[in-house]
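Take a look at these structures.
You will see two complexes here that share chain A, one where it goes with chain B and one where it goes with chain C.
Our next item is the complex of A and B:
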């Protein structure tokens, strides 16, 4: 029973991180209909930013959150204006190839610049914290990552659903032609999506450095879950992604306790069930 | 019309490439060409380059005169059996991919006409590359792949100088026996392994050797190598509280495991890893004090250099040449290349079949190597029966040999979490 409780708590905490990683992915898909295969690489770049802020400037990963957020937001803008924006309106295959190409390029670049070595922040501030609630032990990094991820996810959801600019982004996604008649430039809104996705992944990367290691392939395990989460929550739905992230986290945690080899299979099985029973996902509309 | 042009272009290109291969392969009969296949790019490039450095140093020692060095082919230039012919190492990049490794064997054997192949660090790549060498009838000497299955295939051209996971497991259980004799309580063991070829094979070997040693395996957890969180998996181990936890994990998971043990504040009395992630320098640098207490098997240790003069000289040469300390990977590659060179020297020929027969008959005593081995002698499966491992424990940020006793200079810390206080 103790172990089950522990696993559920672990699952909820890691699930919040899955949700934050999924936010940018679902946003770009929802507004632009583009699947960003380089999303995990944006997380990876965020992790490296945070790592170098620690190794060169001595900043704790918590303090490098703004730096990583802004850096990857700029990277997102660069990716949009430099590559993705140029194939908008072309065949979906061209878009897939461009984002896939970015994935290969960024991963190769990271390996070239920083070697494939694993980089870890040995003792982040959060690692000194630990709570024991009854028999359940909760590590500081896990709590910090989860709280940070929920706050950041909430902020993006608030921006998209409650502000005028967020409304404009959604309008550009719903009907670009009608939106431009209302004075909204869809291309600017698309660029904004990439900036927000960059911000979210940068923040996620810095949060992850509290417990994880940066390497050129560090984004892979999170982005795989993010794809499951996005499909599960409903493509384009941020609240759906948050909910789905937590559910996938708990499912993995519980399965990890009883059948540790099948955590990935469990997440993908959950995804398969959703696709068969409710193809639009938990909160998706189409 | 365009189609014809492009077909012509392809044909011309193919002819040009074929011409290149031909002119390269011909001539040069006086030097002995060996192929070295390693992951020189991709995620394992760091280890691959380190392995390459070990092999290069061995070639350097064969080709140049090292009068004071007490190793075969150390003194004198080149291979005396072939009139002093120098050895040339031609490298191929496997990128860490099994199919690329096999392709490179083709290229180097048919194009470059190498006499033998050395490689390929990762067990999965060694598997396919050595199968291709078998088909081409060229000896394949493996330096550092430890998967037991490699020498169970009945190949006729495959030789492994290094220990297998089973050899390593035996060394680790010998260590446990020594601990029991010293009064530490060991009633059951657990296995925590990456759910892939490396992890599953290693877990199987551990269970087999544990059964022989009469120790029950109370928990066997295979985790998904891409899992973001290992909390539940560690909770499962904790619920069975084994006295010793055997671990098979790559760097990322190894670091994750040590952090999870710290966060859950649960440590088994001993953690014994099968190298890999635990042997990666990033493990110690990334974890700092959290790494203290973990033990791992190792094929080589810098401390061996303190007991053997030849190992000391080689380690110093390595440090001079590459500005980095010799590691177990470079030491294993060094030893494999030297053993192969000695076999070619004995064969007095670059004919693959004669080299193979010389490898079969090879008998190098342990003190003529830089390894903690009893020697190099291959059994009929191609496995070196003299290979063995040592056990090291991370003490104050450095791996120190704790077993066998004759090579160690420190006492093991048991239970492991005492190392962190």
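Our next item is the complex of A and C:
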């Protein structure tokens, strides 16, 4: 029972990170109908940014959150203006090839520049924290990652659902021609989606350095979960992604308790069930 | 205010407009009529920048706007209420309206919103409702209100009465008359000819991509030829 409670708590904590990674993915899909296969690589670049902020400048991962967020936001803008924005309106296949190409390119670049070795920040500040609530033990890095991820996810949801600019982004996603009749430039809104996705993945990368290692393929497992989360929450729904992130985290945590080697399989099974039973996801509209 | 010269538009090789000339003077209400498929919507799409003309020019407020992207033309004050309304169905009524005033100051938006609610009180009641769940007539009010939010210099309307009840059509036309009294220039495409020609100063009759007749609205309405051959009355 204690074990179960512990794994539910662990699942919720890591689920928050899944949600943050999923937010940018679902945003880009919801607004532009583009699947960003290089999303995990954006997380990976965020992790490296945070790692080098520590190794070169001595910054704790918590302090490099703004730096990683801004760097990957710029990377997102570069990816949009340099590649994705150039194939808008072309066949979906062209867009797949472009984002998949970015994935291969960024992974190769990381391997070339920084070798395939894993890079770890030893003893981040958060590692010194630890809480015991009854029988449940909660590690500092897990709490810090979850709190940071929830705040960042909430900020993106607030921006999209409550601000004027966020409304314009959603309008451009729903009907770009109609949005342009309001004087809104849909392409600017698309670029903004990539900037926001970059911010979210950059922040996620820095948060993750509290407990994970950077490597050229470090983003893979998180983005796999994020794909499940996006489908589960409803393609394009940010609130759905936040909710689904937590649920997938818990599912993964609980399955991990009984069959540790099946956590990924469990998430993918959940994905299949969702796609078959409720194709539009929890809060999706299509 | 608006001058269209020798406008040619096609859809992947299929010709939709072949050399259209049209003018709308400041303060005028000009009607554009013609059978289904004549090219009325295409003309409005080309003027508003949704479609790039193959040849010809569109001059708005003494500037050549042909080939400019739609969002730039809208910001200059030529605003289209498109065919089929094209509301943001997932957003609420008030969100749709505010998007219409996207490029104005907060104070201007508030003032304009109050004016739209005055014209369409039912929209104030429905302000929190998702636009996609409204009836056709109410949706048309939102579409018109949304366009008014930007205080357009030229308001283009594509069949505002299409698919809505006579009661709502009457209401829409009353509002158009009121907007016009307030001095807004309008280019109106409309199937409801009686109503359109009654309201308009001048009219153009479009047939298979060409202007076949134009003149003062009352003359066109009285012309037997127009009634028979082009308007199917």
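Everything that follows uses one rule, which is that the second predicted complex is superposed on the first by the 286 of 286 C-alpha atoms of A that agree within 3 Å, B and C clash if a C-alpha of one lies under 4 Å from a C-alpha of the other, contacts with A are read in each partner's own complex, and residues count from 1 in each chain.
We adopt the following convention: a residue touches a chain if its C-beta (ideal position, glycine included) is under 8 Å from a C-beta of that chain, and two chains touch if they have at least 3 such contacts.
Since the model is a prediction, treat every value here as computed from it, not as a measurement.
In the superposition on chain A, A:252 contacts chain B only, with no contact to chain C. Comparing chain B with chain C, more residues of chain A are touched by B. Of the two partner chains placed around the shared chain by superposition, chain B is the only one that A:117 touches, whereas chain C remains out of contact.
In the superposed model, A:280 lies in contact with neither chain B nor chain C.
The contact sets of chain A with chain B and with chain C never meet. Residue ranges on chain A touching chain C, taken from their complex, read 164, 167-168, 170-171, 174-175, 177-186, 285. Residue ranges on chain A touching chain B, taken from their complex, read 3, 6-7, 10-11, 13-14, 17-18, 111, 115-120, 122-123, 127, 130, 137, 139-142, 211-213, 215-218, 220-222, 224-225, 249, 252-257, 260-264. The part of chain C that touches chain A in the complex is made up of residues 48-50, 69-71, 74-75, 79-80, 82, 86-91, 95, 98-100, 102-103, 146-147, 150. The residues of chain B lying in touch with chain A in their complex are 41-46, 195, 221-224, 226-233, 235-236, 238-239, 251-252, 255-256, 259, 262-265, 280-282, 285-290.
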